[in-house]
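Note that the chains are named A, B, C and D in the order they appear, and that numbering of residues resets to 1 at the start of each chain.
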Amino acid sequence: MKQTKYTLGIDVGGSYIKAVLMKYGESPALISKRVEKIRKRNPSQVSDDIINALLKQEGLSIDDLAYLASTGEGEMVKRKTGHFYSMTTHAKGAIFLVPEGKTVVDLGALYVRAIKINNEGRVLNYKMTGQCASGSGQFIENISRYLGLAIEEVGDISLSATTPELPSGICAVLAETDVINMVSRGITTPDIIKGIHLSVANRSVRLLSSLKPESPAVLTGGMALNKGMVQAMVETIADSKIDIEVIAPEDAIYAGAIGAALWGGYRYEKLQKEASAVIA
Amino acid sequence: MAQEVTKEKSMLLQKKMIGGLFDELAHVKESGKKVVYTFVPGNLSELIRAFDMLPVYPEINALQSGMKKRSGGFIKEAEKLGHSEDVCTYVKCDVGMFLNGNKGPADTQIPPPDLLLLSYTGCFTFMKWFETLDRIYPGVEVAMLHTPYQEDGKITPEMRAYMVKQLKEEVIPKMEKVSGKKFDEAKLKENLQHSADAEDYLVQIFESAKHKPSPIDGYFAGVYYIGPVNIGFRGTPEATEYYKQLLIEIKERIRLGKGPVTPEGEMKKERFRLVVEGPPNWTNFREFWKMFYDLGVVIVASSYTKVGGVFDLGFRHNPEKPLESLSDYCMTVYTNHNLPQRIDLLSKYIKEYQADGFLVNSIKSCNSFSAGQLMMMRTLEERLEVPVGFIESDLVDPRYFSFSNIKNRLDSFFQMLEQRKIILNQKTPVA
Amino acid sequence: MSKYYLGVDLGSTTSKAVIINEKDEIIGKGITNTRANYKVAADIARQEAVYDTRFTLLNQNLRVESGLPENIEDLLVSLDDAFHFLEFDIRLQKLYNEFLKVGKSAFDNKLSKLILAELPGLIDQIRPQIKEAYLHGGLARKSQFFRDVVNEQYTQAVDSLETEYFEKFMLVFDKSITPVENEMIEFDFKQLATDALNMLLEAGDYPELTAGSKLYQKVAKQIQIIADEKIDITNMVGTGYGRALLPFPESCIKSEILCHAFGAHAVFPNTRTVLDIGGQDTKAIQVDGYGLVTSFHMNDRCAAGCGRYLGYIADELNISLNELGPLAMEAEKQVNICSTCTVFAGAELRELLNVGEKRSDILAGLHRSIVMRAMSLIARSGGVHNEFTFTGGVARNQAVLKYVSAMIHESYGEDITINVHTDSIFMGALGGAMFARRNIDVDLPEKQKRSRAKAV
Amino acid sequence: MSDKTKNIDQILSFCKEAAFDLQFTEAAKCKAAEENRVLIGYMPIYFPRELVHAMNGLAVGIMGSGDRKQIVKGDAYYQSYICHMPRGLIEMALDGHFDEMDGFLFPSICDVIRNLSGMFQILGKGKFAKYLDYPQDFNRETGGVFYRNELKIIIDHITKINGVKLDKDRLNESIKLQNLNRRMLNEIYDIRQQFPWRLSAVELYHLQRAGIVIPVEQHNNMLHDVLDYIREDVGTPMDKIKVVVSGSFCEQPPIGLIRSIEQAGCYIVDDDFLIGSRWIEGQIDDQSDDPLTALANAYVDMSTFSSSVYDVNNHKGIRLAALAKKRKADGIIFAAPSFCDPALLDRPILQKDCEERDIRYISIKFSENTGQFKVIKEQVGAFSDSIKLWDEPVTV
């Protein structure tokens, strides 16, 4: 039996697919990672491509994987060994990235999840958005698209706001008309963008606040890469008089995939043990 | 303009009464008076006063927190505790206020209760609310008074007997226990007489809106008028005095042919008369009122001003039959009327007050009022062929008050009334 | 001199203008998408309506002339198409200039070079296609706006490039379109119309139309005459979502609920219920025999159930709005859509496609769900009792119409008459214009004060 | 397949049909079988069916239209921020689903149902539409007397329709049948607590819900057979946690939700979905000279806990915790209908009680016509994961 075990975690999201290759063992390590925007393509095809690309990059083949774990909408990934629920994987991923994390806020394209965890990454309590996408990353994507901004640049632009203007409604789709209205009233782009960020942050912090969160909170998911969003979270948290520190790790967007890879490793070992028990 | 908004004598009287009550509440430690928490619809003010206790109305605190723009923060606090976004915002506002040190709307301390008097007339949420308070104040005595609903549109002897029995065996003994005083029937009778007097005046005050132009606004101003009877002054001579004074002022306005006084000044021309169903919004009360004022809309009658008693249908407190009359009072408040009765009442208002239209302000978080309003509206529209309008807001959750949304609907509604008037006038043959 | 009345409906997604004459006949209409500059949107709609009026007059004048070929009507339609293409072309040129600017400034040197090198080719690729669509595909009458027309072709063209540049090129578009859209261009009607005529001449679709032919001369002469005609607006009324921002006096602003109802009622006098599905709200309105509103209901601020919902779905599928309905009509079944939210429905659509559901079947489900929402509002406003009229942009969508008809009949009886005007989207503007003509005295407080002041 | 299994399959598929039969075919059959028989529809949650049984009638539980009916007209009666169930009820009423019913009862549970009683009155549905005001005073002499009078009013309504007078022995007999019904249902719950795989939660739901729309005798026979079947070791256990579901006492969760919970790694070992059929905790006196008073006293003395009942002297959070303990549950899932004031207002209270007792819980919201269970599955899955992946594996 090989000494190092490779596990691969793939997180199929609403708009991005994230995958990581990890070495699993005493102290698991992240080997390589990849993210790809789905952009109207077939997600299961994109997933396959990403998996292949990751393996190729490290000179591995699918048989070298001890476990291929999916999460998110990853039930469609054909070659997976097993699937884990997003909440479970984000919690595990967050604690891998920030070992002292006590709370996780996953800011994704469609959903926001606020999760309270213990030091093993166990989900103690959570809150999650449901039927309305008003506080989601897609909202920010739509608006930045409308304003002619790339998603990578909105963060910095948002940081330069002086008097942010909140959209009057909450709808992620109709906010476009609000934005049109704001532009026609001469509100600057940074102020509009910041307003949108604050509105998203408001919804997220509302989830968070009912959790009685503990510090520090780890931000995961794609929006954690957005500095403007992180700043908006920090401000909103302060406004709500919640006393917690916010950490946005560099690999935040991979948290789900990392968690999946780790759980995959765990299950693999458990299955091995059970199998050897049967043999014995 | 400024000189027109000068406080009338009655306003000052009211201010003094209410200020006095909050002041007394803040100083119960010194005075040793006992405090009863209870609700407006079907409240037992006269009985509480007969035991020389002080009432606290959590709803009133909530609505005033709304007017003072504090409710938004309170509600968020309560939601942190796990309260749902979907439920009655009064409850959440109250819980939030408690969490914030129970400082009342006038920034005075609201003392904790010695007795929770749960009469849940007309709304189940009251019951849940008191269960919540029961957990907040463990060990505090709770008295439950179940008011049967007028499901068949009437009060039966069995309903009355049930209530009297509860008063005798549950409510009064607990009040005696908490206050340390024996029940004094003579005192109660005296209080009931004061109530009956005040109620006579109150009816005349609201009915003054039958005049054209109406000297009062029976909704926005109406909520101030019902203040004293609804927050614990029913059964006191001060209340009677206040209403007497108010009526004098209103009669003077009628004599001068003047319209209602509003915070924006005196209403100049009465262009439309409306009957409104549903509570107002408190967080944006002035803005809300102004939308009507700006377009010359007077609300001549409303159901909300009857939550503390529908006295214009004839009920009066009666010293001759003290406990029966307290029971009947509870059973006759607006929210204890069944739907057909509510429709009849509104229909009577629309006709008797000669309204041009009927408007529903539907409160998102209040099932007690809202469930059924659409049917009431439809039925009235069909029965009376009156134009109807529908807007949505909330009592104290500012998140549910969308200015532009309400404005758009009201604008359309008023323009619709306007055009109706013009075109229908054109069509009426010249006499 | 003739009197004209203008109604402008500044909607959340589209801005419409209608010009009527004294007989309440629509003689000109213009439409454009609402954009960040409301004034520009309203002005463009109005400008288009005025051009359209000129074309109507042109048509009227030519019709009385003798010796013109039978297919003169067709020719005028083609002329109109060519005219719109020329307008488009001027704008496209401006967009191209903007592309170059953005291409230079928004990227690092290497990338910038690459992008600048590709851009001319891209434009050359899309322009002839669009020209063809205008001249022979009736694009001008499909109410697609500059933004959509270019976007559709551009995206396709970009898609054929290397995938890694896709986002970059899209960004170039997103950054450039807004300034171009917000520019008000004054076209020279005479020039453009004459150019259009020459374009037809060149194209040779009409054999009778040759250089120096009688036909050519007559049309050319009328163009001169009509172009010089003054189109005076006697009165106007503005309505719609953005009405408050219109540069109109307050007495000329009216609620779109009243305007839609009035317009619908004027066209179909037996209408008692009006359903208007616009870009960001849906309204169910009850009217009486005079066209006056007796009650109405509108939806909350949620895109689910409005035109934007369909717009979002169309974007998601990368097809244009007017293809949506026909596609849904091809469905063999309706796939049930569980999500209410527009964004989630978009995601669900992707998933359903992924599990192999047919596009048309999913679309059928999506269309049905928007109609279900409208049905709730209709019910809340009081149901349907007599004739029913469907207005607003979404009424142009055949699939929505199909479901609306089916459900109205199912719930309120087979004998309900259902009306849809080909110009359903203009109903609000038409109602506005009609109010303007009737000059109904809106006794607004402003005015009152003024008259009282005079009396004193 | 053994005969027994076949029989059980038949019973369950019959129940599945009957439970969601919006035409109430079984009830109509029952009515047609005898002259003078009346059908009385009652809304959630509890109503003493034995009373109607004794008056030669069938009390038919009406639990909403679920996801089986497209709501159009119902929306004309309710704003979007009111729970879903009453609009389904109105839609059904307007579409003639209730035409066979002679009267309607609206047990007091919340303001929405209360106002619905008035709407039925205005619409003129049935020969009577009565709001049944349950006492919130739990003294026999006060609340009990009042409640007995409420029941008396119902009897008078029925007598007026079919001429049947209340007969002591007959009512005692009816009480006996309903006692048996409750006893058997409780036994099923007891067996499932230990061996939840023997009958799935969805199957139990169908079985239980069918029971409120068919005669008690018929249902008792089925329960008897099912019990007989699950007393034996059938089915295969799976690695799942055990949960109690609380909060869905009125508007019913869609079957998909119950299924999703079980699929996402939980066995539901107790619930309040159809709590009305187990409302009285214990046996009602069926030998009494005044069985009407016995019924009333049973309500006052032996009611279970619920959000619609005043609880200051008998906190429901403590009772819920005790239930979870008795069922050896790993946690509680609070599943309430959106906009349901009684259930949602109770949540913070109940959750606090759980926290104080270290009972793990999650909360979700649904509506009877929810079709999308993705989010719910994820939450329930995370809940079961969080217990399964860390705690000692559940020994089966």
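Just so we're on the same page, a residue touches a chain if its C-beta (ideal position, glycine included) is under 8 Å from a C-beta of that chain, and two chains touch if they have at least 3 such contacts.
In this text, all values refer to a predicted model and were calculated from it rather than measured experimentally.
Colleague: Identify the chain pair with more contacting C-beta pairs: A-B or B-C.
Modeller: Between A-B and B-C, the larger count of C-beta pairs in contact belongs to B-C.
Colleague: Whole-Å distance, subunit B centre to subunit C centre, using C-alpha means?
Modeller: 49
Colleague: Measuring centre to centre with CA averages, how many angstrom lie between subunit A and subunit C?
Modeller: 40
Colleague: Could you tell me which residues belong to subunit C and also touch two or more other chains?
Modeller: In subunit C, residues 300-301, 339, 344, 380, 382 touch at least two other chains, as defined above.
Colleague: By residue number and range, which residues of subunit A touch two or more other chains?
Modeller: 131, 169
Colleague: Can you tell me which residues of subunit D touch two or more of the remaining chains?
Modeller: 76, 365, 372
Colleague: Draw the chains as points, connect those that touch, then say whether the picture is a line, ring, star, complete or other.
Modeller: Graph shape, chains as nodes and touching pairs as edges: complete.
Colleague: Per the contact definition, I'd like the list of subunit D residues that touch subunit C in the complex.
Modeller: Spelled out, the residues of subunit D in touch with subunit C are 70-76, 80, 370-372.
Colleague: Quick one: which bits of subunit C touch subunit B in the complex? Just the residue numbers, please.
Modeller: Those residues of subunit C that touch subunit B are 254-255, 257-258, 290, 292-298, 300-301, 380, 382, 440-443, 445, 448.
Colleague: Over in the complex, which subunit C residues touch subunit D? Could you list them?
Modeller: Subunit C reaches subunit D through residues 300, 336, 338-339, 344, 348, 372, 375-377, 379-380, 382-383, 407, 411.
Colleague: Taking the complex as given, what residues does subunit A use to touch subunit B?
Modeller: Interface residues on subunit A, with respect to subunit B: 168-169, 206, 209-210, 212, 240.
Colleague: Which of the residues in subunit B end up touching subunit C in this complex?
Modeller: 269, 271, 294-296, 374, 377-378, 381, 387-390, 392, 402, 405, 408-409, 411-412, 415-416, 418-420, 422-424, 427
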